[in-house]
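Shared chain: chain A. Partners: chain B in the first complex, chain C in the second.
Take a look at the complex of A and B:
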C-alpha cells in the first residue's frame, strides 16, 4: 500500500470515524449535564426568537466594543470566509464531498481558490503571531490553542503545495495533504476546533437566558 | 428632607474598622480543595459545560473588563478568572476527561488563594464581558461559580465574611436591624412622611437596604412619598426589610437562600402582590431572577424595581411629576444588575425625561455600561481599594464627557461607590438617586 493509498483509504476512513464519534460524544456528554429549568417569571416569553437573535447579533460586536476588537473582528471574518471558499468551492474537494454526500455544487476557478487559500494561510499566520505576542492572548494560551492553529495551518500549506506541484512529486504532496487533513479531523473533537459545532448552541443559550430578562444579547 | 444620614466619612470609617484578619474556617488544604471542587460540581450544569467547551480563549473579554482596561494586567482578563473552574471541568466532568486529565493540572490550594484576589477584588460580576464574547459565553456566571468554590473552601475575604455572618446570624447588616428601621420611620413620621410599618396585610411590600437606612435615608423617605402619592396599599416589615443579599455576593448558598426565604415567607404571609425593590441592583437581581429558582417554586408575588414602578405609575396617570424648564441635564448610570442583568434600562430614562430632564448618555450605556467599580460587595474590600479607584476613573471619564450637570443612578451601592471615588479624587459632579429626583419633583 502506497502512502497515497493509505491516506485516501483507511487513514481517511478512521479519521472520519473519530471525527464523527468524537463530536457526538462531546456534544451529548455536555448536554447530559442538564440544567434546571428557570422558573423565574420571564419579562419576555419569546425566548426562541431571543436565542436566534443572539446567534445573529454575536456575529458582530456591539458598538461600544467595536474599536477595541476590530483586528480580531476583521481577521476573524477574513479567515473564516477565505477558508470556507477554499474548502467548499475547489473542484477536487467537491468531487470528494460528492463521493461522501451523494450530491455536488458548482466550483470556483482555481485562481480564485489559490488566492483565497493564500489569504487564509496569511491571516492564520497573523493570528498565530498575535497569539504568541499579544500580552493577554499569550498569557491565557495553552497547548490546545497552538495545536488547533497548526492542525489547520498544515493542510492549508500542503494544499497550496499540492495545487502548485511545488517541492515534491504530486502524489507525495497529495498524500501529505490528505494525512494533514486527517490529523485535523482526529484533533477536531478534542480541541477548540469544536467551536464550529458549539458556537450556535452557546450563542442560542445566551440569547434565551438574556431574552427572558428582556435584555438583547 | 432632613433624615440624619450617616456621613460618607463616617461610613468609610466604619468600613475601615472592619477587620481583614478575622479567622475563617479551620480547614486543611485537602479539605479546602475538596470543598471547592464540590461547589464547582454542584454549579456546573449543562449551560456552563457548553460555555466551558466553547471558549476560544480569544481574550476579547479583556477588552470589556474595566479592571483590565485600567491596569493592562493580563491576569484580569475575565477568561483567566475562571481558569480553575475550566481545569476542574476538563479533568473531572467533561466527556473528554479521560483524555484531558493527562494534560490538565489539578487545582491546588495555592490556586484558590491566588484566585481569591482575581474573583473578589478584581471582578464585580458586572457582566460587561458577557456582552463582548463572540461565542455568547456567560463569563460572569462562570466567575460566580468560582466565588461559590472559594466560599466553600473558606476563601471569602474577611470583610465580606463579617457582613455575611452578620446577615446570616443576626438578620442585620452594618448593625442595621429592626430597631434602626423603626427609629428612621419615627423620624420620618415627625416630618409628616407616613411609613406604614409592620402591617399584617398589604398589596405592596417595600424593601430597603442597610446602606439606605444609614447613608441614604432620603432615598427611603422619597420612596415612601412616592408610594403615598401613588395611593399604594403598602407596608415595610421590620422583620423582613433587608433587600441586600450578602450570600449571593460572597457565593455562600445557605446565606443567600436564608435571606431570600425571609422575604418570600413574609411577603406571602401578608398577601403581598408585589415586592418593591429599593435602589439596589444586586438585591433586585437576586429576588427577581434567583428567588423562584432558589425557593424551588414560582413566587406568589411580582418583584418590581423602583424605576419600573415609578415608570408604570406615571404611565397609568397615578403619579404626576413637575416638568423642569431650566434645561438641566443628567446622565444615568445603569447599575449592571438592573440593566444588562435585569432588563431595566428604558424605564429610568422614561422617568427622567418625564421630569423634563435632558438625559445625556455616556459613550458606553445600557447593556454596555461600565460598572461603578465597586459592585458585588467589592466596595467593602480594603485590598481592592486601588483597583476600584482605577475602574472608577473610567466611569468618571465617561460621565465627564457627557457634560451633564449630575449623574443619577438606581442603585445605592453604585451611588456609594461613585461617591467614594469622587471623594478620593475631588470630583465635584453631584451623584444622586433616581427616586430622590422623582420625590423632589412630585406635582401637587
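Take a look at the complex of A and C:
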C-alpha cells in the first residue's frame, strides 16, 4: 500500500470515524447540558428573534470597539472567506466531497483558488505571529489555540505545494496533504476548531436566554 | 546483419543516409536527456557498435508488449536498430520451435556469457510453478538460469516490471515481478501496458552507446523517459488550470478537448513519456484520443480504485461504520452530560448542607 492509498483509504476512514464520533459527543453533550425548563416569568416571549438577532449582532464588533480591533475584524473575515473559497470551490475538492455526498456544485478556476489559498495562508501566518507576539493575545492563548492554527495551516501549505507540484512528486504531496487534513479532522472535535459547529448555536442560545430576560444584546 | 558487421555498416547497407542516421542520434540523445555535445558520441558509438545478444523471455503475458514493438508502426530507424541486435531467443517471433528453440537459447547464453541482455515480458507465477512453463521448464527456473550470466535485465511491460495484471488481486498464480526474484543483476524496468516502443529502443541505444544502464528512478525506470508525470506534459493541462473539465465522454467539454481529470484521468500520478513521445510515430496517445490515462506504467495500477474515479475522490468507508461512530459519540455525549448533572447536583447538595 502506497502512502497515497493509505491517505485516501484507511487513513481517511479512521479520521472520519474519530471526527464523527467526536462531533456527536460534543454536540449531544452540549445539548443535554442545556438548563432545564426556566420557571421564571419571561419578559419577552419572542426568544427566536432575539436569538437570531444575537447571531447577527455578534458577527461584527460593537461600534465602541471597532477601531481597537479592526485588524482582527478584517483579517478574521479575510481568512474565513479565503478558506471557504479554497476548500469549497476547488474542482478536486468538490470531487472529494461528491464521492461521499453524491452531489456536486460549480467550481472556480484554479488561478482564483491559488490566490485565495495564498491569502488564507498569509493571513493565518500573520495572525499566528500576532498571537505569539502581542502581550494580551499571548496571555490569553493556550496550547489549544496554537495546535488548532497549526493543524489548519499545514493542510493549506501542503495543498499549495500539491497544487503547484513543488518540492516532491505529486502523489507524495497529495498524500501528505490528505494526511494533514486527516490530522485536522481528528483534532477538530477536541479543540477550538469546534467553533465551526458551536459558534452559531451558542450565539443563538445566549440570545434566546437574554431575550427571555429582556436583556438587549 | 552479419555478426562481424557493425551497426553503421548495416544501416548504410539498408539505405539509411548519414543525415538520417545523425537525425536519429540527435533524437535519441534528446530522448535520453543528454546534452547536444553528446550527439557525436552517440553517433560514433552507435555506428561502431557490434550487435549485442538479446534473449527475450515471455512469461505470464498477453504478447501486447511484443505487439507494441513489432506492429506499432512502419519500419523506422528505431526498428532497424532493433533488427541490428542479435535477438537469439524470442519464442513468439522466432521460427524455431521445440527443442531447437531451447537449444538456440542455451547456445546463445553459453556464447555470450556475461554479455547478453535478458529482456523479460510477463510476470512470473511464484505460487505454483506449473501455472506457466516453457518446454517443461517453469518460468521461475528459466528466469534464474538465464539471469545468472546476463549483463543486465530489461523488464519490459508492467507485468515484468511490477507484476501487472496477473498480480492483480486476488493474484491466483502468485505472480511477481522480475525484481522480486532476481536481486543480484541490474534491472531496468520499462513499464507500461504496453510500454512505448521508442522507450525500448532508447534503452537499447543507451546500452549500445555507453555500455551501461541509464539513470533509473526509485522504481527502476529510466529517468529520461519516466522522470515526469503525464499531467505536467499534457497538452490539456491549460484546461485543468482554467477549471474546464469534460464531465462525460460525450459532452461539450469532451468535444472541445477539455481536461479529463473529473473522468478519472491518472495523469497526475503516472510517470511515463506518453504525452511527449506518443504512439504510432508520434500520432497520438490515450488522452489525445479522448480517454483519461489509466496509470498503466505504475505498480498495482489495476488495484488502485476505479479507472473512472477522480484521483481526489476518497474512499470514505461504509455508511454503517460512520453511523456507528455517530451512535457511539451520541451515547458518550448523553453519558457525560448525565454525569455532569449528577456532579452538579452533588455539589449543590453539599452546598446546602
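In this text, the second predicted complex is superposed on the first by the 215 of 217 C-alpha atoms of A that agree within 3 Å, B and C clash if a C-alpha of one lies under 4 Å from a C-alpha of the other, contacts with A are read in each partner's own complex, and residues count from 1 in each chain.
Note that contacts are C-beta pairs under 8 Å (C-beta built on N, C-alpha and C of every residue); 3 or more make two chains touch, one makes a residue touch a chain.
Being a predicted model, the structure only gives us computed values, none of them experimental.
A.B. asks: A:29 contacts which: chain B (first), chain C (second), both, neither?
C.D. replies: Touch status of A:29: both partners.
A.B. asks: Who does A:207 touch here: chain B (first), chain C (second), both, or neither?
C.D. replies: After superposition on chain A, A:207 lies in contact with chain B alone.
A.B. asks: Answer with first, second, both or neither: which of chain B and chain C does A:174 touch in the superposed model?
C.D. replies: After superposing on A, A:174 lies in contact with chain C but is clear of chain B.
A.B. asks: Looking at A:4 after the superposition, I want to know if it touches chain B, chain C, both of them or none. Which is it: first, second, both, neither?
C.D. replies: second
A.B. asks: Who does A:17 touch here: chain B (first), chain C (second), both, or neither?
C.D. replies: second
A.B. asks: Which touches a greater number of chain A residues, chain B or chain C?
C.D. replies: B
A.B. asks: Looking at A:195, would you say it contacts chain B, chain C, both, or neither? Reply first, second, both or neither.
C.D. replies: first
A.B. asks: Examine A:136 and indicate which partner it touches, taking first as chain B and second as chain C; both and neither are also allowed.
C.D. replies: The answer is first: A:136 touches chain B but not chain C.
A.B. asks: List the residues of chain A that touch chain B in one complex and chain C in the other.
C.D. replies: 25-26, 28-33
A.B. asks: For chain C, which residues count as touching chain A in their complex?
C.D. replies: Counting only chain C, the residues touching chain A are 229, 231-232, 240-243, 245, 261-262, 268-269, 304, 309-317, 321-322, 325-330, 332-334, 336-338, 340-341.
A.B. asks: Under the touch definition given earlier, write down the residues of chain B that touch chain A in their complex.
C.D. replies: My answer: residues 44-51, 53-60, 62-64, 68, 72, 74-75, 77, 79-80, 83, 93-96, 99, 103, 130-138, 288-293, 297-299, 302-303, 339-343, 345, 363-365, 367-368.
A.B. asks: Which residues, counting only chain A, touch chain C once they are in their complex?
C.D. replies: 4-5, 8-9, 12-13, 16-18, 20-33, 91-93, 95-96, 98-100, 107-111, 165, 169-171, 174, 178
A.B. asks: Provide the residue numbers of chain A that touch chain B in the complex, in ascending order.
C.D. replies: Residue positions touching the partner: 25-26, 28-36, 38-41, 43-44, 54, 58-59, 61-65, 68-69, 72, 76, 134-145, 189-190, 192, 194-195, 198-199, 201-207, 209-210, 213-217.
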